[in-house]
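Next come two complexes, and both contain chain A; in the first it sits with chain B, in the second with chain C.
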Partner chain A sequence: MGKPEVITPKHTAKDYKSAVKPVWCPGCGHFGVQSALFRALAYLDLPPQQVAVISGIGCSSRLPNYTACYGFHGVHGRALAVATGLKLARPELTVLTVGGDGDGFSIGGNHFLHACRRNVDMTYIVMDNEVYGMTKGQPSPTTPPDWDSKIAPGGTGINPFLPLAVALASGANFIARGYAGDPNDVARMLVEAIRHPGFSFVQVLSQCITYRPEEKEWKHSVHASPEEPATTMVAAAQRLVGEDSLTTGVLYKGERLSYTAHIHPVQRSLAEIEESFVL
Partner chain B sequence: MNTITTLEELLAHAHALESEAVERYEEMAEQMEVHNNPELAELFHKMAAVERKHVDKVEHLAGDNPLLRLAPWEYRWQTQEAPESVPVGHSHYRLTPYHALSLMIACEERAQAFFAEVARATPDSTLRTMAAQMAEEETHHAELLRQWRSRYPEPEPGWEVDLDEPVSQE
Partner chain C sequence: MLRQIDGSFAVAEAIALCRPAVISCYPITPQTHIVEHLGELVKSGELPNCEYLNVESEFGAMSVCIGASAAGARTYTATASQGLLFMMEAVYNASGMGLPIVMTLGNRAIGAPINIWNDQSDAMSARDAGWIQLFVESNQEAVDVHIQAFKLAEALSLPVMVCMDGFILTHSYTRIDMPTQEQVDRFLPAFQPRQVLDTADPVSMGAMVGPEAFTEVRYLAHYKQMEALELIPKLAEEYDAIVGRDSGGLLKSYDAEGAETVVVTMGSVIGTMQEVITAMRAEGGSIGAVTIRSFRPFPKDQLREVLKDAKRVIVFEKALAVGLGGILSSNVRWALRGLTTTPVYSVIGGLGGRPITRPSLRRLFEAGSKDQLEDTHFLDLNIDLVKRQVERERSRTGSGPAAENILRDIGAVRAAKTA
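Up next, the complex of A and B:
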């Protein structure tokens, strides 16, 4: 191990915290994701007003309220659509989208596919607790088929969605998985994700201690990938299909060019535009 | 594996260890405020204030030398986070003072183990002396907390059971 990297940022993690106290259950993994995010932003030394955190609905989607950055707590499943518009209109901002597996893979599933495909330069963090936390524990697309609960006795019997493989197939340019119990490792991934051009997807396994208390065991079962990130889709596909869903690390780094808006100079004056709205 | 080789690195670690402990205790105090457990909120605020004094102490030790800051993942902890931070996932809204003090004791014990390992592994005598001193202080803190905890009975199993179901929010 070489010398540790010394940094000299003006910001510390505290600078990104707002005065709003999180309503998450004590012990929730989302606290770990929040710590990781603040540490990553401090490392990158980004002024809070240069960062926008966009979300949908869910416990995880409350994160923008807890940051001192710009934020938009939007409509369930539509965070990526809002974030895409924002990034294209204000490319100088660092745009982060955050949310849960329900928000991103159920109601927002279609937006997820197309955000990967469009490859706009932003980072999407899914705080995946494999359940709908906010609405009291319904199974989500990543819930194991045999998870027994009051609402789905005996389990749903439905195969879970593979978010990383779907992201790859849909065109995401950076794919990583972290674990909320290891915020420093997640911070490292977020720094890489934010720096990597194009659409970066980071799934963070984030335990729901209320509805999925067994997820506390993740701390014993997650394991870091010993391999470097794959750099071709073929290599990444071999890695992401059939893996155990508990392997952490940066798993894929692609080289697709990110999509940018083609902004044309305004041809018409404001008065002319207003006029065209008058019937 | 421990590769702290200079006094600056040791002080950087001590500073991060104490500062992150302050942040985590404040976070837990806020959690307890939100979840209507005022006794625990007060206890965590108190502990954050104690750790803040330890931050000052490290700054005093560094004197005029600027304290190094490392990338978060570059600290040579033996644990996932800085050893004096209560790990994410160990909090609960029905914690009792006995539990909170147990979590705090575990933090001091991990910090002790960290500094003891630095002292054991280094060939540098100045570094060894300072790390050993820090380890000793952590042992002392753990002992004080154990005395404090002895005033509380150990809670019965099932302390976390809540007959009221969680409420749905949106």
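Up next, the complex of A and C:
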């Protein structure tokens, strides 16, 4: 693996930032994701109005309000479906769907499967803090099974969801994991994810220091993958199923063709249509 | 026992006294505290023999309840707003299958635009879903009515939704007289399910019913709701006999008898209204109020009796049937059919948590008492903001999203940007 590409913005992050101040808690990982996203967009030299940021509900889903891009804050769990419609209608836009683990893997889990499968050219950034933060500390599908909370006394007792493995099995064309504490690394990943055709999925471990203070330890335990991205599903599956969920990097790059929109069907005259029925 | 607790904790403890066997939940503001506290009670052992499950969505929560109830378990969940909408298909299923699930609805507005604050739009969206819908005025009523809700649900084999104003009730600390376990056990016997899993007599539930019987199954649900009109007051009496508190039946009158002007409403807003009405009466005003406890079934005959001598009725509601006006008021007009001389003014207020103040209510009631209200009146509406947006839409193609434009007009966006 060569020396990482240094992100030197052509635009500046300010170009993508709205004047609305985030209401996230001090120390929230989402600040790092926001910063990484702005750096990536600046590096790609994308005019803010050519970028659509779509979200559902949750702390991380507030992100569209904090960008100067085209933003859409939809209902809980439906962001990917909204983004699909938006991309089909305006294929020239760079479409980014953002949200959290509760929104994307729990209440919106079915859309996650089918968005991967459909492989529309967009990037899905999940700011995974392994908890429902907005409703004040309930377990999500990625929460460890023994994490005690009021709503899951003694822990959920069920295996955490493996988002990357699920994305692979469902057909995502690009799979990466970043850590919000390293925004430059996440920015590099996002640049690659946005450039890669089809459905790109980037899980960003984004610590919730309010409800999961133990996640502060992530800064010591995340580690970059020493390997190049897998390019076959079999190789990627071996990596993603057996790993420790703390390995960062671009882990899979597939070669599926993006879903193509057919929103401008070829206009045929009545005579031409009739002609096709001539025996 | 007297307690000083918030509405959510009070409801959770009342539910625990009812010994539910299965609780399924998903967090949504403003009800999350209810199910979280139930989780704590399960963990501490204060609520024994209860399967408590946090699931992946409200749709999942109601579906788990359906499965549990169909298998013969006393079942509970709670939700609000978007959560109710998301589970709606299962909500209809629960009532269609006659499953006596009890659900708390922490009343909250429905988006878009996103709004977490109180109104009663969520409950209104389920008004025809076949659930019994009971609205409470206070946290004490919330406690008492939830306990009665299980008995009502199980007697009729129908689901019951107890609606309590989000934040105003769910998050306010008040004095609660909590019934004892012994009292609740005496009032509410163990659940005897009407339909139960019986391996000796297996039955497949949820079968397809075609035109040959669909009307009858639907009518049966309606018939049972009509039975509830008789049962709800009876259960309130039984409860009073055991617990020693009249928690109200189908509706409640606040000096409505003999009053020329009668206000009809639902939920906690009666607290503020009572203060205004008391002041107006002290000054010689002839005004009273009625609160509807049972919105479904709708007690039209009982309401008609209370309102028959009123010169005018002001219906105040925290929901809007867009394109029509009031929802509750339409129901009240139905109750008053034939009494064509009684004007019914429909007032929409408190949407998305807009404060309902005493001065506003005073102005409203005074105008109403002089028959100076239009058919549908919006309390404290800033019509200039609306006109500005209408003009913008008329004059410019691509005028942008309406809600965001209005926020800009009132300076909210700028305020947020500089905060």
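In the analysis below, the second predicted complex is superposed on the first by the 253 of 279 C-alpha atoms of A that agree within 3 Å, B and C clash if a C-alpha of one lies under 4 Å from a C-alpha of the other, contacts with A are read in each partner's own complex, and residues count from 1 in each chain.
Here is the rule we use: a contact is a pair of C-beta atoms (placed from the backbone, for glycine too) under 8 Å apart; a residue touches a chain by one contact, two chains touch by 3 or more.
Just so it is clear, the model here is predicted, and its values are computed rather than measured.
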Q: Look at A:Pro26 in the shared chain and tell me whether it touches chain B only, chain C only, both, or neither; answer first, second, both or neither.
A: first
Q | Which of chain B and chain C A:Val278 touches, first, second, both or neither | A | neither
**Q.** Touched partner set for A:Leu270, first chain B, second chain C, both or neither
**A.** neither
(Q) Quick one: is A:Asp185 in contact with chain B, with chain C, with both, or with neither? Answer first, second, both or neither. (A) first
Q. In the superposed arrangement, which partner chain does A:Ser18 touch: chain B (first), chain C (second), both, or neither?
A. second
Q) Which partner, chain B or chain C, is in contact with more residues of chain A? A) B
Q: Please indicate which partner A:Lys136 is in contact with in the superposed arrangement: first for chain B, second for chain C, both, or neither.
A: both
**Q.** Touching partner for A:Thr210 - first (chain B), second (chain C), both, neither
**A.** first
Q: Using the superposition on A, tell me which residues of chain A are in contact with chain B and, in the other complex, with chain C.
A: 21, 57, 134-136
Q: Spell out the part of chain B that touches chain A in their complex, as residue ranges.
A: 1, 3, 9, 23, 27-28, 30-35, 68-76, 80-81, 87-93, 95, 165-166, 168-170
**Q.** chain B partner contacts - residues on chain A that touch it in the complex
**A.** 1, 4-9, 13-14, 21-27, 29, 31-32, 35, 39-40, 43, 57, 59, 134-136, 180-185, 187-188, 207, 209-210, 216, 219
Q. So in the complex, which bits of chain A are touching chain C?
A. 18-21, 57, 73, 75-77, 106-107, 109, 132, 134-136, 138-139, 141, 149-154, 156
Q. How about chain C: which of its residues touch chain A in the complex?
A. 25-29, 32, 35-37, 39-40, 42-43, 52, 54, 56-58, 82, 86, 111-112, 114, 413, 416-419
